[in-house]
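Here the structure comes first, spelled out in C-alpha cells, and everything after it is commentary.
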Amino acid sequence: MDIGLVGLGKMGGNMRTRMRNGGVTVVGYDRNPDVSDVASLEELVENLPSPKVVWVMVPAGDITRSTVEQLIELLGEGDVIVDGGNSRWTDDEKHAALAADKGIGYVDCGVSGGVWGLDNGYALMAGGTAEDIAKVKPAFDALRPEGDSGFVHAGRVGAGHFSKMVHNGIEYAMMQAYAEGFELLEKVDMVDNVTEVFDSWRQGTVVRSWLLDLLVKALEEDPGLSKVRGYAEDSGEGRWTVEAAIDNAVPMHTIAASLFARFTSRQEESPAMQAVAAMRQQFGGHAVKA
Amino acid sequence: MDIGLVGLGKMGGNMRTRMRNGGVTVVGYDRNPDVSDVASLEELVENLPSPKVVWVMVPAGDITRSTVEQLIELLGEGDVIVDGGNSRWTDDEKHAALAADKGIGYVDCGVSGGVWGLDNGYALMAGGTAEDIAKVKPAFDALRPEGDSGFVHAGRVGAGHFSKMVHNGIEYAMMQAYAEGFELLEKVDMVDNVTEVFDSWRQGTVVRSWLLDLLVKALEEDPGLSKVRGYAEDSGEGRWTVEAAIDNAVPMHTIAASLFARFTSRQEESPAMQAVAAMRQQFGGHAVKA
Amino acid sequence: MDIGLVGLGKMGGNMRTRMRNGGVTVVGYDRNPDVSDVASLEELVENLPSPKVVWVMVPAGDITRSTVEQLIELLGEGDVIVDGGNSRWTDDEKHAALAADKGIGYVDCGVSGGVWGLDNGYALMAGGTAEDIAKVKPAFDALRPEGDSGFVHAGRVGAGHFSKMVHNGIEYAMMQAYAEGFELLEKVDMVDNVTEVFDSWRQGTVVRSWLLDLLVKALEEDPGLSKVRGYAEDSGEGRWTVEAAIDNAVPMHTIAASLFARFTSRQEESPAMQAVAAMRQQFGGHAVKA
Amino acid sequence: MDIGLVGLGKMGGNMRTRMRNGGVTVVGYDRNPDVSDVASLEELVENLPSPKVVWVMVPAGDITRSTVEQLIELLGEGDVIVDGGNSRWTDDEKHAALAADKGIGYVDCGVSGGVWGLDNGYALMAGGTAEDIAKVKPAFDALRPEGDSGFVHAGRVGAGHFSKMVHNGIEYAMMQAYAEGFELLEKVDMVDNVTEVFDSWRQGTVVRSWLLDLLVKALEEDPGLSKVRGYAEDSGEGRWTVEAAIDNAVPMHTIAASLFARFTSRQEESPAMQAVAAMRQQFGGHAVKA
C-alpha cells in the first residue's frame, strides 16, 4: 500500500523505515527539509493513490489539531486520516467528527515501542470503523511486532488512544512497584548486591517483565544509580488515566500514587510538607528546619 | 493525693505544675538536680504514703524500661506504676506482667496536650484495671481539661497507649489533608490570599478544628510559610498505627500515605525515583537529570 | 438591602430565613409555588430596586446554567448575579463572561453549613471584583456566622467556588482519617469502648474538631454504627479537587485515596480485585472464591 | 549430591522431582507416609552422607521452627540446614543463631515458581555464608531455571527471604496496576474487547510481562472474569514488606495501597466507610443506606 506520513522525528522517522522495510510505500513530510520526502502537505497528498491514507505523527494538542484540519481540507470522501500521536481520546472524537463532515474516515492509533520499535516492532492499539481500519491494515502489519500480539482494534474512534492511555497508566504503577522495592533493598545492609537480586528475578519469578530487564540493564550500567537524579517527568497519559478513573468512579490507588510520586520528584520544596512542619511547630514546639 | 513523678522535662515539668495547681502533692525526680525535688528514685519512693503511685514520664524504650524495672524493685503490693510516656502498647503488656509478679499495679496513659497542656489541660487515655485506675484518679482529674471530655479509661493495660497511638495516626492524616489543600491553593493564581481563605474556614465550615486554628496562626506569622522547610519528623506512633492496621487487616490508605509523605520529606534524593528515571531513560530515551 | 433568591430548597429556604432575620429583604422564587414568593423570575426581577442583586441557589450544571442565562436576559448594567450553588469554578468563568457582555457583574460563592447553617451561620467563600462583592455585602453579613471568620473574598471570579472545592477535598481526607482510626479501634479487642475514646478526644487533643463532635454524636446514637451501611456518595467537589491537583502537578495522596475509598464503598463487586484473584489463581493455584 | 527434603506438599513434592531429574539424590520426609521416603526425621538424617544438607520446606512459623529445632538436635558440625519456606527473615536470624551453637550452617532460600516451577525451574534467592551456600549449590543448580538468571546469593542469613519478600511486595503492586487498568477498560463502553486489548500488549509494549500473560490466559478462559470473586488473600510477605519499609523510612505508596486493597476485598462491610457515611449524615442530612 501507499501511505503518507506527517512528522519524521525520532518516532516518525523510525516508523517510516520500518514500514518501508515491510513493503509499504511511504511518502514522508516534515517541516525539516533534511528528512522530508516532499516540500508540503499538498505535495504529500498529491503523491498518494486513492483512497489516500495519511498517518499523522506529530505532537499532541495544537500541532495535531492544525495538521488534521489541513488534511481535512486536502483530502476527500473515502480517504482516511490516522492519528498515531499521543492525543487524548477526547480529541479523537472531535477530529473524527470534523473529518466525517467531508466523508473522510478517521482512525486513532496508540503506538508503543519507543527506541526499540524499529527493530522489534511497535505495539498498536487502534480505534475506528472496521472499514477504515481495513484501509490502514498493511501499514499496521508492517509496523507491529512479529507474532500474534502487538495489534488490537480496540473499538470505535478514541478506543485506540484510550487503550494506550490505560497502558501507560499501568506502566507508571509497575515502574513505581519496582522502584519502591529497589529503594527498600538499597536501604538495608543485609542485601549485598541489589543488582544481582534484580537480575536473578529475570527468570522463574512472578515479577519478570520487560521493564525488569530494562531496570537490570540500567543497574548494570550504573550500580546504585548514582548517575541519575530521582526526577521523573510525566507525559500526560498518566494524568488522563487518573482523570478517566475519576470520571468513571474507578478506584485507582496505585496509578494515582505513582503519578503523585512523579509530581513530588520534581519539587525543590513541598508546600504541603511546609504546612505539616508549621503545624507540628505550633502544637508541639517541634523544631523545624528553617 | 500524693504522687511520685519521674521525668521533669518539658512535658513532665509542666505536668508537675498543673497537678500541684490541682491540689495533688507531687514528689518529682529528674536526673537534672536543678529541677528535681529529691536526690534519687529511692528517696522519691520513701516520700510517698501507701499505696504509692509513681508516674513515669521519660522517653519511651530503654529509659522507660529501666525506670520501670527500678520502680518494681522499690515498690510493693498494691502500689501502682503509671507510664505516661509515648511507649508502644506492646511494651505496656510486658511491663505490667513484670510488675504483677510483685503485686504492683500498672496503668498506661497516653497524654496529649504538648505545650498547650499546662494551661488547657492534658487529654488522657488510660489502660489498666478499674482498681488501679481509681488509685490514680485524683491525678488524672488535676491533669485533664475542664469539661466532660479529655479523659477515658479505654480498656485493659495497653489500651491507653493504643488509643493515643491511633489518635496520632489520625492526626497525621488530618495534617496531610490540610497540607494538600494548602499546596493546591498556593499553586493556583486564582486565589489571592490563601491565609484569609484558611482563616475564613474557622467558623461555620465542616473542616474547622484546632489544627486549622494552628495552621492559620502559622500562616499569619509567616504568610506563604517561606521560613519553614518542608521537612517533617515522625514520632513513632504513626508507624505503629500503620503496623497495627497491617496486623489487623485494616485498610489505612490515608494514614499510611501521610506517614510516607513524611519519609519523602526527609530525603535529599529518592532512590525509588532514581529507578523510575533510569527505566524511563532505558525504554524511551527520555533525558534524565544527572 | 434587597436581594432576589432563586431556589428555595433545603439550603435556599433556610438561607432566605436567615437573611430575613438579618434584616435583608428577600424576594424568593422557586418552581414550587408552595414556597415561592413570586410567580416567575420576571416578577422577581421586577420587585428588586437597582442595582438588582440575584442569588442563584439551584443544582450545579444545566439548571444553574439556564437560570443564569435567563437572568442575563432580565438584568442589566450594574446588576449582579451571585451563584451560591456547588458549581465548578470553570463554569463561573464562562457565566461571568456571558454576564459581562451586558455589563452585569458576577460573584461566585461557595457556601458551607448544611443543616446547621440556619442557626450557626453559613461560611462563605466569594470570588469576583471588589465592586460586585460590595453590592452583595449585606447579604453575606446576614448569612455568615458571628465572629471574625466565616467569610472570605478569595479572589477573582471562580476563586470562591475553587476555595470551597478545596475545603471539601480536605473534608474528604479528614473524614477518612477518623474513619480509618475508628476501624482499627473497633477491630482490636483491647479497647473496650470506642465511643468513649472518641468522646474523650473532644478536649485537649490535637484531633479535636467539629467533625469529631459529629462522629461522637453518631456513635452515641448508634454505638458500633450497626445501623448505617458503609456506602458513601461523593458530591463532585472531591473529584474536582483531585483533577485540579493533577492539572497543577500537586501530589494529593490522602484526598485522592479518600475519594477512591468512596468509589470502592459503592461497588457490589470490584473488577480490579477480580483481576487480582484471577492472576493469583493462575500463578499459584490459589483457590478463588467463585 | 545428597540432600534431605522435609515437607513434600505441592511445592516440596515437585521440588523433589525436579532435583532428582537434575541428578540430586533426594531423601524426602513428610508426615504423610504415602509420599514420604522415610519414616522419620531421624531416618532421613541417617541416610545422608556428611556434610549433611537438609532442606526444610514446611509452613512458616511454628512448624518451621520446631522442624529446625529437631534438625539441630540430629545434625552436627559442618552440616547445613536450608529453610526454603516462606519464613520471615527475622526468623532466619534466630534459627541460624541456634544452629551456630552446634556448628551447623544455615541457609535461607526464597523460592518462586508456584505450579510452574517443576517444568520451568524455581527462582531462588539465598542468604548465608559462601561456605554454606557452596554445600547446597548442586541442589540450587538442579532447581533453578536454565539460563543466567534465576539464582542469587543475596547476602548473609536472612537476605534470601528478605529479597523474596520484596519480590512479593513488588508483585502485589504490579498485579494491582494491571487490575486497576482492567477495571477502567471494563467500565467504559468505548473499548469493545478488553481481553483483546490485554492480549495485544503481550508484544512490543512497555507493560509486557509474565503476569500479563497470566492475566490474558485468565481472561481468555473467563472473559469479563464473571466466574471469580474480587476476593484476594495475602500471604504475609506483602505485610512484611510494608513493615520493613516503615522500619527503614522508605515511602511505599503503591505496595501498601495494594495490600490495603486486598484487605478491603475481604470485607463484607467496611467499618471505616460506615463512619464516613455516619458523619455525612450528621452534617449534611445526607441519606444513608441502612
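Miscellaneous remarks
Just so it is clear, A, B, C and D label the chains in written order, and each chain counts residues from 1 on its own.
FYI, a residue touches a chain if its C-beta (ideal position, glycine included) is under 8 Å from a C-beta of that chain, and two chains touch if they have at least 3 such contacts.
It should be emphasised that the depicted structure is a prediction, and the values quoted were computed from it without experimental measurement.
Contacts with subunit B and subunit C are shared by A, D. Chain pairs C-D and A-C differ in how many C-beta pairs they share in contact, with the greater number at C-D.
Among the other chains, C has the CA centre that is most remote from the centre of subunit D. Our note on geometry: subunit C versus subunit D, Cα centroid distance of 47 Å, whole angstroms. For this pair, subunit A with subunit C, the centres built from the Cα atoms lie 37 Å apart. Shown for subunit D are the residues that touch two or more other chains, namely 114, 176, 178, 180, 183, 187, 206, 211, 249-253, 257, 260-261, 264, 270, 272, 283. Of all the residues in subunit D, the ones that touch subunit C in their complex are 10, 114-116, 175-176, 178-180, 182-183, 186-187, 211, 214-215, 217-219, 222, 225, 227-233, 253, 257, 261-262, 264-265, 269-286, 288-290.
Contact residues of subunit C toward subunit B in the complex are 89, 112-114, 117, 120-125, 127, 144-156, 158-159, 162-163, 166-174, 176-178, 180-181, 183-185, 187-188, 190-193, 196-197, 199-212, 241, 244-245, 248-255, 257-258, 260-261. The residues of subunit C lying in touch with subunit A in their complex are 206, 239, 242-243, 246-247, 249-253, 256-257, 259-261, 263-264, 266, 270, 272, 283.
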